[in-house]
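Next come two complexes built around chain A: one with chain B, the other with chain C.
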Partner chain A sequence: MRRFFQVAWLVMRKDLRVETRSWEMVSTTLFFAVSCVLVFSFAFVRGGRAIEGAASGILWIAVAFSGTLALGRAFERERYQDAMRALLMAPVERSAIYLGKLLGIVLLMATVEVVVVVAIVFTFRAPLFAYPGYLAALLATGTVGFATVGTLFAAMLLRTRSRGVLLPILLYPVTFPVLIAGVGGTVALMGADPNLDLARFWTALLLFFDAVFLTLALWTFEPVMTE
Partner chain B sequence: MMAMSARLFSGLLAVAAIMFVGAPILIVGAPYESTMGLIQKIFYFHVPSWIAMFLAVFICGVSSAVYLFRGKASADRLAATAAELAVLFGLMGLTTGPLWAIKAWGVWWQWDARLTMALILELIFIAYIMLRAYGGPGSEKLAAGLALFGMANVPFVYISVNVWRTIHPTTDVLPNLSASAPGMFWPIVWCFLAFLVLFGVLLMARMRLEALRARIDAIHLALEA
Partner chain C sequence: MFDFERLTIDDVSRFYGRRRALSHVSLSLEQGELVGLLGPNGAGKSTLLGVLATLVSPSAGTVHYGDRTGVDGGLELRSQIGLLSHELQLYGELTARENLEFFAGLFDLSDPAARASEALERAGLTARGDDVVLGFSRGMRQRLALERALLHHPRLVLLDEPFTGLDEQSTQTLSDRLRALRDDRRIVLIATHDHDVVDGLVDRAVLIDNGRLLSLDGSDGTLRERYRSAVGSRR
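Our next item is the complex of A and B:
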């Protein structure tokens, strides 16, 4: 068990080291996410006031879009010189490799989300910091859910043609519950009369989603990645 | 074996044809529902098409798991067939639903729990077919993974969309139908059975096509060797 987490940790550290040499993924994903928020603010902020409830939707759209971009790029790197094959040939549990890649993606998405939340607070004047603990819990559970499914799909699409197009096509329908719960929870926190019970319900649903899909992904990674 | 399944197929096809010819006669004879009137009769095809879709989703998910962990090619063929049937019967439900909704609710579409869930499931299985069509060699395993995730997703989609207030007719109408409206009970049972037989016929036809395709591939390979 200790070795399993050691391998996952090493894979994550490898991804972080590659990333910190160029900062390519962080900078491009951040730029894309902030551009998303700006594009939406042109559409939904009129006369200095945002349409009610728009900010929570845009937060999760930015998370989903930038997450997809990061997922595609994270695994595209593994294609160079067949790095993924080398990883899979290592005498370790394959699910540990999956967990390592997942941790790297979650860390990247979390970094982007911090900036996106601040950008939305500025552009939409949204009271996102009213309940920072609740929002952090929603974002954490939502990001893990999205990345859990996304990491598996992006990994398995490595071998296929037209993977750039197929990743969002496969990913969004399966992660709709994450987006519905994320938006629902954020709306519950931001209204004139915040509904904390509802926010807790959505966070609990996301936590349950994470547990089920993480188990399923760890279970299926090995057979799906076997050629 | 092939001749026996061909006979079974012809028999089922005949039963399906007879049942679908008989269905409109029974539906016309069934009493009108007091508030919805004529438009309620669309339920005789709408509800069975959803049942057939959920059956297809279940078969696709289970056979995908069998293919992933046992590597049986026949399980993969069954999963691919079931996914296509899920999309087909889902489209029937998504067509008959709005036809009813425009009369009953006055709008073609509502963001109601069951409608949203049906739409999301339909999207997942369209994505499955796209993955198999455009993914190239090796996409069968990936499609199996997607089907497994799709099936596991059903309760989450259901709960998440159910928190929004639903205006759909509730499902406990059907189990109590024999007592509350006996005139409607037998026509709907007939339609359920007709759709199930049709499901079986289509499943057999598509499976046979895939088996023949696999045989042709094997012959091609043998000739090239």
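Our next item is the complex of A and C:
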């Protein structure tokens, strides 16, 4: 088990090191997510007041779209020079490679989310920081759920020519519950009368989704990656 | 630790949908043997290397690594295989040393830093070890990729077009390195189009054409002449 996590750590550290050399994924996803927030703020904020619930929807749209960008790019790096094959040749549990890639993507998405949340607080005057613990739990479980499915699909599509088109087509229907739960939980936190029980329910649902899909992904990664 | 002395490919076929990439391929390789795998583009060379590397499952037939098959060989088997693909499988944003240390870590080698330094020295890249790979020439990347594939001293060495992009001196150095692997009792299979380079280097050569394997031994002439004759007779 120690070796399993050691390999996941090595893969994640490699991905982060590559990213810190180019800042390619962070800059692209951040720019995209913040642009998304700004564009929607022009549509949904009137006289300094936003339409109720709009901020939660924008937050999760920004998370989903920027996450999709990050997923595509993260595996494009493995495709370049066929580096994925070298990873798969290593005498390690392939699910550990999956976990390492997943952790790298989750960290990247978390970095983007911090900026997006701040941008939404300012542009929509949304009380996102009223319950920071609840919001962090929602974002953490939602991000892990989205990235868990996304990492598996992005890896599966690595050798597919139309992977850029196929990834969102496959990913969004499966992660629809994540986005619904994320929006539902965030709305529950931001209303005039916050419903913490409802926020807890959506967070628990996300946790359940994470557990199911993480187990499935770890289990299927090995056969999926063998041609 | 698992090891093997012989690789036996037994009636292996591989289909991609209706397309036949390998058809009833049988071949045996012994340790200390350097074998050339020749064939036109799309003949099935890379697929065969993929099957031997356990990255591609055969549709039919079995590959035996000593007394184990690719299916039951598991992680121990993978630790005895080194693959250099036509694509060099390096991370361009990382330095040469970081690439080697990363793979040394994945292979659970002791003292990855020392292993990386030794590999850099063998690749003739000690002075460039801390430069990112993106700035390297094709030849430098090729040398680095070869050492990356050999980092864990595998029993089975699979090389896909290892001479691509190498100048004369680097070609000579690589040839010497391959002879050293043979002397070290490794099993080396080289898929290549550089017939003149491997003529005299390999112990024997086989031809793969349209997924079928043929021997190129037993007739006179250079390897190129034998290849032309064999391929020509099949057209």
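In the analysis below, the second predicted complex is superposed on the first by the 227 of 227 C-alpha atoms of A that agree within 3 Å, B and C clash if a C-alpha of one lies under 4 Å from a C-alpha of the other, contacts with A are read in each partner's own complex, and residues count from 1 in each chain.
Following the convention adopted for this analysis, contacts are C-beta pairs under 8 Å (C-beta built on N, C-alpha and C of every residue); 3 or more make two chains touch, one makes a residue touch a chain.
Nothing here was measured: the structure is a model prediction, and the numbers come from that model.
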| item | value |
| --- | --- |
| Clash or fit, chain B versus chain C on superposed chain A | fit |
| Computed vertex angle (chain A) for partners chain B and chain C, CA, steps of 10° | 90 |
| Partner chain in contact with A:176 - chain B first, chain C second, else both or neither | first |
| Partner chain in contact with A:157 - chain B first, chain C second, else both or neither | first |
| Minimal inter-chain CA distance - chain C and chain B, angstrom | 5 |
| Common ground on chain A, meaning residues reached by chain C in one complex and by chain B in the other | 226-227 |
| Complex interface listing, chain B residues touching chain A | 68-69, 120, 123-124, 127, 130-131, 134-136, 138-139, 141-142, 144-146, 148-150, 152-153, 156-157, 159-161, 163 |
| Chain A partner contacts - residues on chain C that touch it in the complex | 50, 53, 55-57, 75-79, 81, 83, 85, 87-94, 98, 102-103, 105-108, 132, 148 |
| Chain B partner contacts - residues on chain A that touch it in the complex | 149, 152-153, 156-157, 159-162, 165-166, 169-170, 172-174, 176-177, 180-181, 184, 198, 201, 205, 208-209, 212-213, 216, 220, 223-224, 226-227 |
| Chain C-facing residues of chain A, complex | 3, 6-7, 10, 14, 17-18, 21-22, 77, 80-83, 85-93, 226-227 |
